[in-house]
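Look at the two complexes coming up: chain A is in both, with chain B in one and chain C in the other.
Right after this comes the complex of A and B.
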């Protein structure tokens, strides 16, 4: 479908984005807020924003996604949205009864200058927030950053507005989850348990967006980091932020507010990033790595060794969110593959810096771009000029994969046409194993498909 | 209805049919309460869904990236030719653009795009923020149109300026600017435009064929599998046949006023309404009795094929109950009839954008005890479904997982449907989908309807 419309010649575009590799802040804020127990996200803007975000998250997770909206009209847009938000807070507590309302702004409410901090303070002063209930907020204008920025802003809001420092330290480590799947968050908790480290993971969308079928529809599923846990993060020994773009800002906020020291790590995708995570967590928790985890690692290395001949030199194009793309690029290099074209719509210099560190020595010719102009149209043009053996990215990549007849692995957000992402982790050694399996399956299926009759083999 | 907790301020938007008591009209066409978990969207959404299927135009969303990203190829409106509509073009407004204005960026984007793709026209959607910062998109469009020689049409669809319906109007307004600019030479007297049919899963093709079998010329389809040249000559048709009344009635009225083309409302869902649509169109050409003959022929041929097929579904589904919550209320009328024809009754009927007439008619049609709702939310929907013991929910993307969590079947009758549900073949597909979901073996393993197995 895109084939006919994507030109091979790459031209500098002045203002136009074609087929974006990102979306806007509020959806990230909505996703992060769902990782807090008993929380109803609230979109302060027009109904459409809330509807689009809920629909997209629903399509990705195939779960009900609840969120309220300020339902802006022309009046609110002229006179400001304070009255709408105050009314909304009252309505929400009386009807939907959440423990927390997590408000995020939109391009509309930002531009008219609504001050969420002032409005939520007024709501408290006016007695609209019942005892023991909370309203938190994050500023998420759609014309800055991307959905990843919105996620980071809401996670920062969660840290800032809940953490309390009581003066007495608790024997626990905060793990701040960058934008990852419920399955990944579940795996982080499992690994920490196996290591024997007490952690508070936030946000945590496991058991929220992968809930079992029960015959009832609950507004607030059992998962999510609780208020008590969030408050206790101020007394933790230290924080590990998994992802410099989506998680680090919250760690910085915690350090500022409650003097909790932090370390920023890559999301533990692939071998080395998982090594770093396991080592950092064992150090932070002062525990030794159990044999079972070492054995998991050994299994992953063994599989890579078994299959290295099929991985060597395979050219990969990938696109997605920076905190995932960075460790994935490193993993692909460790698999002896060649990530040759990389695009991330999310702007920011951290991406470029980290990519340079990874690529400069091992694959200096790799093309990568993020921010303005880093869209999927550009990636497609690159692929046309220098063909690849594999494409990795979210569902929208299927058009390019079809057009160019390239094997395709779905990875990232959103995935609208497959399941698995929310049930099977991509992080940790088992996540690495899953990625290797997917990569090999895609490549070997292709080899089988294209093999000449006499070269079609049983054993591979 | 004390036993059902309803959002304060929404009591008038919910109605339960009970014998003999004449109650006042249901409240509707209001904006949602601030703080509600509404299933509704915005003005931009309305414009985008109506114009989206015009396949040989470029559609550029002027605003921050989200509005373009969320509407990128989500609606399976297929094209038999060009597919420019499926790409996502955006000006991706940044903070500096918001401060200094985005007109220049829009202008440059349009020039780049038109030069590259040579489209037949361009639609420019203004989003919330463009309305606020006051970009003069009309002026930009005019300038680009003059420089490139193609129609460049502003679509004023600022999200906050009303409801989805206002977006439909903005889209119709843009279409009206195209209509009348093409030649009507060679158009037959026995001709129609198909309005409010968006070719989801290829439905417009099915409908078009029925009309062609009747000897009727279809001048344009608005906007399923749409082409700019066809839209331009739409005023040459003798009759406008409107299906999705919410989105296209305003265009039909404008065309009636300006070009004297009468219009009728039809529905292509279910045997009864599909047949009536063909007869109603034939009735418009009384001096050509052969058209009515052909219509009868089409109906009899199709029903003969379909009827026996439906019986096996009916046998399994008789006595099962359905809940309907869809966008437009007009669709619910057809759905009620279609469900009855496969033995099912309707216990909940609701829509996002119905008007007073729609709801009055719904009240007449529905069985005793049926709940009728306007602009509902997930709490209400799941409560009604449990109370009324529905076995099936018909809705859209956000309703699907709710139905499955409740352990009941689901049928998408919104833009995520994968198979055509319109026409006679569509009735078969609909019955099959309902049957397959309601009778799925998965429900043996799952707690159902609140936990009772």
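Right after this comes the complex of A and C.
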């Protein structure tokens, strides 16, 4: 009983968060910045933030994660961090030679009121930014929102600071990726290619955080959206934002700056969310859906139909990031399962609204909560009161799963103890198939484990 | 001793490492990159600020205080006062194994407690929320102790965690509540946090429980955090040798042990950097001498045991220690004899922590390997050059803001465990009491010592030396491996271990053998890449 102190009785807490289902903004900003080619993320604050964010991303991806820091000590905290950031910009361009430095703030630099826009302007005026190089920024105080908000803020910063509208439209669609894995971004590109739609996907961490072993460390791997591509987003026909919380703010910024119309979709996780994505993209690109995609879809539906008896009515607890668990909840309902307990640490009213829409008709009794107080301790207490058949969430869920003896599927961020998330997609029909396979394997393994000898089945 | 391995000219390496830096940066970094001479130890610039923009291995004060020192004590509720991230990132990411006596004994290590400060708390202050959080933690868990850790914004907005702790301690009555001002920006690295943690543990815990501890040879193990079960192995050896461990600081420890630790008769220090303050303070207040030991490596473990027996100066203990060594060593020898031919002559680099880069060189020596370069992430000059340099270390602004406790002999509890004459006799026998000679004395001439290694320097060093193994942490692991060099994590041990004591030595030998001789490193290039251009094409012609 590793979580032996978790009580069954649920008491309202106002001051104490226990086992959070979220973390802080800058790590999201760092991840988003890695999806831009030739970009070095930079953390404007003390060293610990940068160290922690690099460590967590490294543990999740098992890949190099490069980022610099302003290395604040007490002096900078009192007198402001301008001198540190100016010095950092100079050092970074001479030592690491990136095309772009993507600066994000921390709670430290935000509390003392450092103005990133003013400091980066000064860096340019002082000649610290070489010709053709860029310094972009995003404000990501840790005491607002969550890692998802930080991701959204940096993606917005990328859109705002690069997109240019030249007046002549390009036959391409922007796809703004919500917080998803490199494998998911690769799958989005594959689907678009199969559909025959030209897209600019940003950010794009494929080929950055799943780089091959070559015997050489490439500081700026070949992946990532290029500056030219980012600039061209201002001339695109339209944008599709995949995720109302992590991607839509950038789409809004693009519309404001370059008048690119946008549509916000759920991240294409599961059958119907993928359907909507394919429909929207085919419409935006004015193409018909090829038979291969329809066949992919058919295969997913086929597997669900074939194995429906094992899925029916299974009670699921899940936690994670809103843009991922909203479509996942819908998918679980489509699998005829019962998502009964859901928490998401990221605050915001969109989650509640979208969850209501999904759940009200088919599972009005589902408990769900997001924002302050929506932590894993609460989810665990719910699980103790009303046991479930399956738990879905990031690696930290394994403690609850072990204590409650519940099958567990790792999904979301961070996953520190398994691989696969960054190599196999969870989006699209193939991602749906992978999710169904994982769910079935967990459930059937459990059935095998628990079966009486006379009830042990060969064929399932 | 000069290494038999062929070294590149270290002075030239040094030039290459700093070449690309802007002039001011180069000048600064040059003072931290030193060509070693064990006879005349050169001065190393250490514990100074990292240049902004440099990709550093370092973390922050909070990480040192909460993550390293306080984290491993299982029955304290550690509440992080700040926005959510700080608490989240330190949530079980440092390995601190702990073994409770019964299944229901307090163990809060799998829990992450935070006040999750929001914008309104930053604007209007967060003390009210903190006190509420303490109350809620008490109501839910009834812990013996609650520790509060300040994060960056807490220091800036001026929340007084100490006053809040005092108030709550009084209110709760049976729970010891205390705070740490370990904001991330304090000092220049984790090191400041270690100091702050030592001060807090000394002030608020040590000496609270005066129950006499039992046992004839009682000692505390300082600077052992039980990563991968290291403390378990040391505990096994101590028990076998008849030594009584009163408390370890802080691997596999409990509140009660720490509070009772002043009843021990000797402090042995593993990680000098993180806890030397505690050794000194306990000596002054309670009269307990300290000794630097290392249980990393079979020979070092034997040596440390003998030192401890010598200190207690008891023939029976000495005999018992010899018996333990005699019993343990053959198992170690059997393994090393098998592995040695595969590791001898290989080279290693170590850039970790504030003592590990020293200790692990012993294991590499046992494997017949040479350490060609080493350095610490957050050490001070004494860790490199030895404590003799302490009087010459200039205190700069970044260290000045860390409280230096005024410690005096305790009017009741001060009890010198050894007389001046006894101490002098022990020193005469070569036993280093209250001293440490540092890492450089042990390293070969012309090896390279680099403090606060930057990412850029690490890539250069690998290009130049092509070491067989590189030891660092998670942030460096995959970068180095992408270069075709295996990286051994010496903070988490790549989730292996333990590496201390005799069993630990065997584990380490096996791991290093596996890593440096792993076939995967020879499979990096595809056959068609190895064969050169056109090879695959030629093969096609042949089949035609």
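We adopt the following convention: the second predicted complex is superposed on the first by the 457 of 460 C-alpha atoms of A that agree within 3 Å, B and C clash if a C-alpha of one lies under 4 Å from a C-alpha of the other, contacts with A are read in each partner's own complex, and residues count from 1 in each chain.
The definition used in the following text is that a residue touches a chain if its C-beta (ideal position, glycine included) is under 8 Å from a C-beta of that chain, and two chains touch if they have at least 3 such contacts.
Not measured: the values here are computed from a predicted model.
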Clash-or-fit label for the pair chain B, chain C on chain A: clash
Which superposed partner A:213 touches (first chain B, second chain C, both, neither): both
Partner chain in contact with A:62 - chain B first, chain C second, else both or neither: both
First, second, both or neither for A:74, with chain B first and chain C second: both
Which of chain B and chain C A:10 touches, first, second, both or neither: neither
Residues of chain A contacting chain B in one complex and chain C in the other: 1-2, 4-5, 7, 13-20, 22-27, 42, 45-49, 51-56, 58-59, 62-74, 76-77, 84-85, 87-92, 94-96, 106-108, 111-112, 141-144, 146, 211, 213-217, 345, 372, 377, 396
Residues of chain A touching chain C in the complex: 1-5, 7, 11, 13-20, 22-27, 42, 45-49, 51-56, 58-59, 62-77, 84-85, 87-92, 94-96, 106-108, 111-112, 141-144, 146-147, 211, 213-218, 345, 372, 377, 396, 399, 416
Partner chain B, residues of chain A touching it in the complex: 1-2, 4-5, 7, 13-20, 22-27, 40, 42, 45-56, 58-59, 62-74, 76-77, 84-85, 87-92, 94-96, 106-108, 111-112, 141-144, 146, 211, 213-217, 219, 345, 372, 377, 396
Parts of chain B lying in touch with chain A, wherever the complex brings them together: 5, 7-9, 31-45, 60, 63-72, 74, 83-84, 86-95, 97-98, 104-106, 108-109, 112-113, 116-117, 127-129, 131-133, 159-163, 378-379, 382, 397-398, 400-402, 404-407, 446-452
Touching residues on chain C, where the partner in the complex is chain A: 20-22, 25, 49-63, 79, 82-91, 93, 103-104, 106-108, 110-119, 121-122, 129-137, 139-141, 151-153, 155-157, 184-189, 397-398, 401, 454-456, 459, 473-475, 477-484, 524-525
